[in-house]
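In the two assemblies presented below, subunit A is common to both, partnered first by subunit B and then by subunit C.
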Partner chain A sequence: MVNNPYYIHLLIMVGMNAVLAMTFLLLLRTGLITIAIAGFWGVGAYASALLSVKLGLWVWLALPTSAFISAIVGLVIGLLLIKKGGIGFVMLTLVFGFIVVLVFGTFEAFGGYTGIYDIPPPEAIRLPFFGLVEFTSKTPFYYLMLFLVSLVVLVFNAFYASWTGRAWRAIGQGPRLAESLGVSIFQYRLLAFVIAAAAAGLMGSFFAHYYGSIVPATFGPQKTIYVHVYAILGGIEYAFTGPLVGSLVMIVAPELLRIAKEVEPIFTGLLVILLVMFLPDGLLGLIGHSRPSGPAENLSRVARWVKEAFTRGKSASQG
Partner chain B sequence: MGTILEVDNVGKHFGGLAAISRLNLAVSEGEILGLIGPNGAGKTTLFNVISGYFPPSAGRILFQGRDVTGMQAHEIVRLGITRTFQASALFMKISVLENVFTGFHLSYATSRWKRLLRSRSARSEEAQLKREALSILEFMGLGPLSGEAAANLPHGHQRILGISMALATHPKLLLLDEPMTGMNPVETENMISLVRQIRDRGITVMLVEHDMKAVMNLCDRVVVLNYGQKIAEGLPREIRENRVVIEAYLGKQGAK
Partner chain C sequence: MSMAVVAQLFVDGLAMGLVYVLLASGFNLIVDISGVLFIAYGQFYMIGAYTLYVLMVMLKLPFFVSLAVATIVSALLGGAIYRLVFHRIRAMDRQFLNGIVAAVGLMLLIGQAVLLAFGTASRGVGTAFKGMLKLGGVNLSVEKLVLIALGVAVLLFLHVILQKTNVGRAMRAVSFNPDVSELQGINSNRVYLLAMAIGCGLAGFSGGIMAPIFAVYPEMGAIALLILLVVMLGGIGSMTGAILAGLILGATLSFGQYFFGSGLAQILFFAVVGVILFVRPGGLLGEDTEIQI
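Coming up: the complex of A and B.
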């Protein structure tokens, strides 16, 4: 199975969407709901595509550069919108999500609605232990994604575990109280917004070089809604395992069930309704009722759960 | 004793409604000042104005001689004014200790990068702050509950936790909004003794409270507000006998 390029492709998509879902949870923790995630994903993809195709920039440089560009766009949008707060913020980020698609589609410099083609894959590199890595098959992309997911998890976790994480959680749980303890709501929300934009941009850059071509419609707000579903399905209290489990289920299940692309939105829509009604804590919420304290604990809990599920199945088939 | 806080001719209007008008008030360093008055007298509004939640419509607020009018809530805390809230405002999902830790937001001395990368100095600072959090909880009598989720505490302990968090910000002036509300007589006695001990640590206290007995017992000085204006000011004994105050509370008929 691991050697089947189709499954490798699915796993790559799981990793990418999980990171996007992690950015949603990061912002949610600070009490912000944004429909701009796919927009920043698109900014990263377009920045990277243009840098490498038009300017011939080395792809390995285009990756961090486009994350940085996405962060700068996030800074500007955040400065403009975060003070609004509440539903106004949600709607304006939705507007941003639409504008990104319009801008990429309308201006010829961005390739118009037919998009950008012939985006190069990352250059071959020589790594210790791996030797010469050439991006000619899906497997190296898989390892690159694995590296990027780990990087994002490490960075996010460093923030969550520090005073920043405390300030974010304080703002999310009680903004007035947080302010009374000296937390600047605006500054810390802006910081979260910029970090989320950078991570989404990094994923966009990866996506552009992995697919080799991009079109504006991919980066519309509908994508952001899907990202929200991944995070909520996994469980919003689980900053890392939630998005991974959620996107794994949402991406692999329709494929395994051979659901046609036309029917898939109905499947997803139904799932959202069922989620809201029966599973507000997500799939991981089913396993543990006590609040988790860290990713390691969550992982061990999932591992236990998976192990139990398998051993139960085995004993049933034997009996 | 010098003046720590000066409310100079402050007014606060909400549309056409004046919640406070032309209010003058001075808080001396090291005192416990009680702020009383009937419902809607403007007591909480005054707290909100002093602590930066709403800017005043008129007048100035001076803290240690510095004009802090119009500063934002999170900036005011940095200068040394911390307030608590009427309702049990806590981070309910996390532990008592973590709640207090949130109050250390402005206390870190190590650089941001060191804290993110969890350098040795950042970790030792974290450990030292944890000891400080525990000592605050010990002082407030919540020591044994430090691992409990805030939501599981009884009401009286939640109020005490709210004040413990405020203490973590290292205030010079502490504004307590109805600290004794909903407490039984034993808890009220305990709160009175805690507030005294806080003052003895060198923190000036200003409090809004409806429990008259507690206010008279605890406060060095009392200011009475009615319809957003100061109607009396003095020692608890003087206030108790003040005719204007009795009228404000009981009406002219009751005062006879």
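Coming up: the complex of A and C.
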């Protein structure tokens, strides 16, 4: 299974969608619901595609540059939108989501509705232990995604564990109280928004060079809604394991159960409905949640839960 | 620019606008009263259209009968879905977010089911009202005029129900304050179900009247997010706002498409919406609120 390129592709998709879901949770923590995620994903993808195709920039440079460009766009949009707060913010991010797709589709500079193709994969690099790594198969992309996911988790976790993270939680749980304690709601939310935009843009850049071609329709608000589902199904209390579990279940489960392609959305839809009806706290709600815990601890909890489930099952069939 | 062209654009804009108004009104009912951000709403629009297709093209039933059946089927389905799924979700802490997830699941399920049943090709439904009407030298298609007449009739009907009947009063009371309404003896659960049924019925009706004019295709449900935007533009809970916003959309797209081409017209619309929402985040006639997660 591990060598099957299709499964590697699925894991890559899980990683990417998990990161996008993590950005949703990042903003949710500060009390903001955003429908702009796919928009920034698109900004990163198009920036990277244009940089490498039209300007011939090295992909390894295009990756961080696109994340940076996405962050700048996030800064501008955030400056405009965050002051609105509440429903206004949500709707304006939805408008942003629509406009991004329309702009990419309408103007020939962005390739129009046929999109951009012949996007180069990352250039071959010489790594100390592995020698020359060429991006001709899916496996190097998998390790790159693994690296990027780890990077995002480390950076996000650093913020969450710091004073900034505490300020975010305070703003999310009680804006008025936070304000009265001297926490600037606007600045902290803006920071979260920019970080989220950068992470989404980074994923977009990866996406462009992994797929080799991009079309505007991929980056619409519909995609963001799916990302929301991955995050919520996993469990919104869990900033990292939630998105991973949610994406894993929704992307890999249909494959594992060998659901036919035609029936797959019906299965997924039904699964989603049942999960949300019977697990209101998300999948990770099953493992319990007594105090805030970091990703490492949550992962070990999940592992323990799975192990216990197996031994329970085994003893039940043996007893 | 001749009068004929203006009149044509006006009628087109009005027809499209009315469909958006109907959809927005239905969605408004569901979001405001039932409290579900029902992303799957667009699928009922599609169900209405496909029902009309099946009844008119396959079973050769007349237009008005087919339209009525399409509306009723959508309403019943909507009510059933509320009872099966959202009634339970309502009891949860995170009903807002979980409701969205359930709606997405429904969207996938219904969308694929229809796709499997009918295939990817778009279907045409022959129009029941052929021909053009000549009014003062201007050619207006009869079917669009019928659409406008039907749309306005249904909207008036809806208005009467909401404002003049006990049921309507109950719905407005529940949307205003569910707990106090319960104290007054209103069964709020029944109201939630009813609101969803009526809302989905409106979507089915819209799909039904649109089907003869535009083709019937599986992706019709994608309109849901746009309708969400229209409702937000008008302001949640405001029927008048939904009407205004829907007509604005219809007019902008109709006239914008003529002058700027469809791509720029859409960008123009969203830019206009963005500016309006920026200046009035609650929408044209609504109030801005913090959302409970």
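FYI, the second predicted complex is superposed on the first by the 285 of 319 C-alpha atoms of A that agree within 3 Å, B and C clash if a C-alpha of one lies under 4 Å from a C-alpha of the other, contacts with A are read in each partner's own complex, and residues count from 1 in each chain.
FYI, a contact is a pair of C-beta atoms (placed from the backbone, for glycine too) under 8 Å apart; a residue touches a chain by one contact, two chains touch by 3 or more.
Model, not experiment: these values are computed from the prediction.
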Which partner, subunit B or subunit C, touches more subunit A residues: C
First, second, both or neither for A:P265, with subunit B first and subunit C second: second
Subunit A - residues contacting subunit B, complex: 158-159, 161-164, 166-167, 169-170, 173-174, 176-185, 291
Contact footprint of subunit A on subunit C as seen in their complex: 39, 85, 88-89, 92-94, 97-98, 100-102, 104-113, 116, 222, 225-226, 228-229, 232, 236, 263-264, 266-267, 270-271, 273-274, 277-278, 281-282, 288-291, 293
Subunit A - residues contacting subunit C, complex: 28, 31, 33, 80, 84-92, 94-96, 98-99, 102-103, 105-106, 175, 221-222, 225-226, 228-229, 232-233, 236, 262-266, 268-273, 275-277, 280-281
Residues of subunit B defined as touching subunit A within the complex: 51, 53, 72-74, 77-78, 82-85, 89-94, 98, 101-106, 108, 115-118, 149, 165-166, 168-169
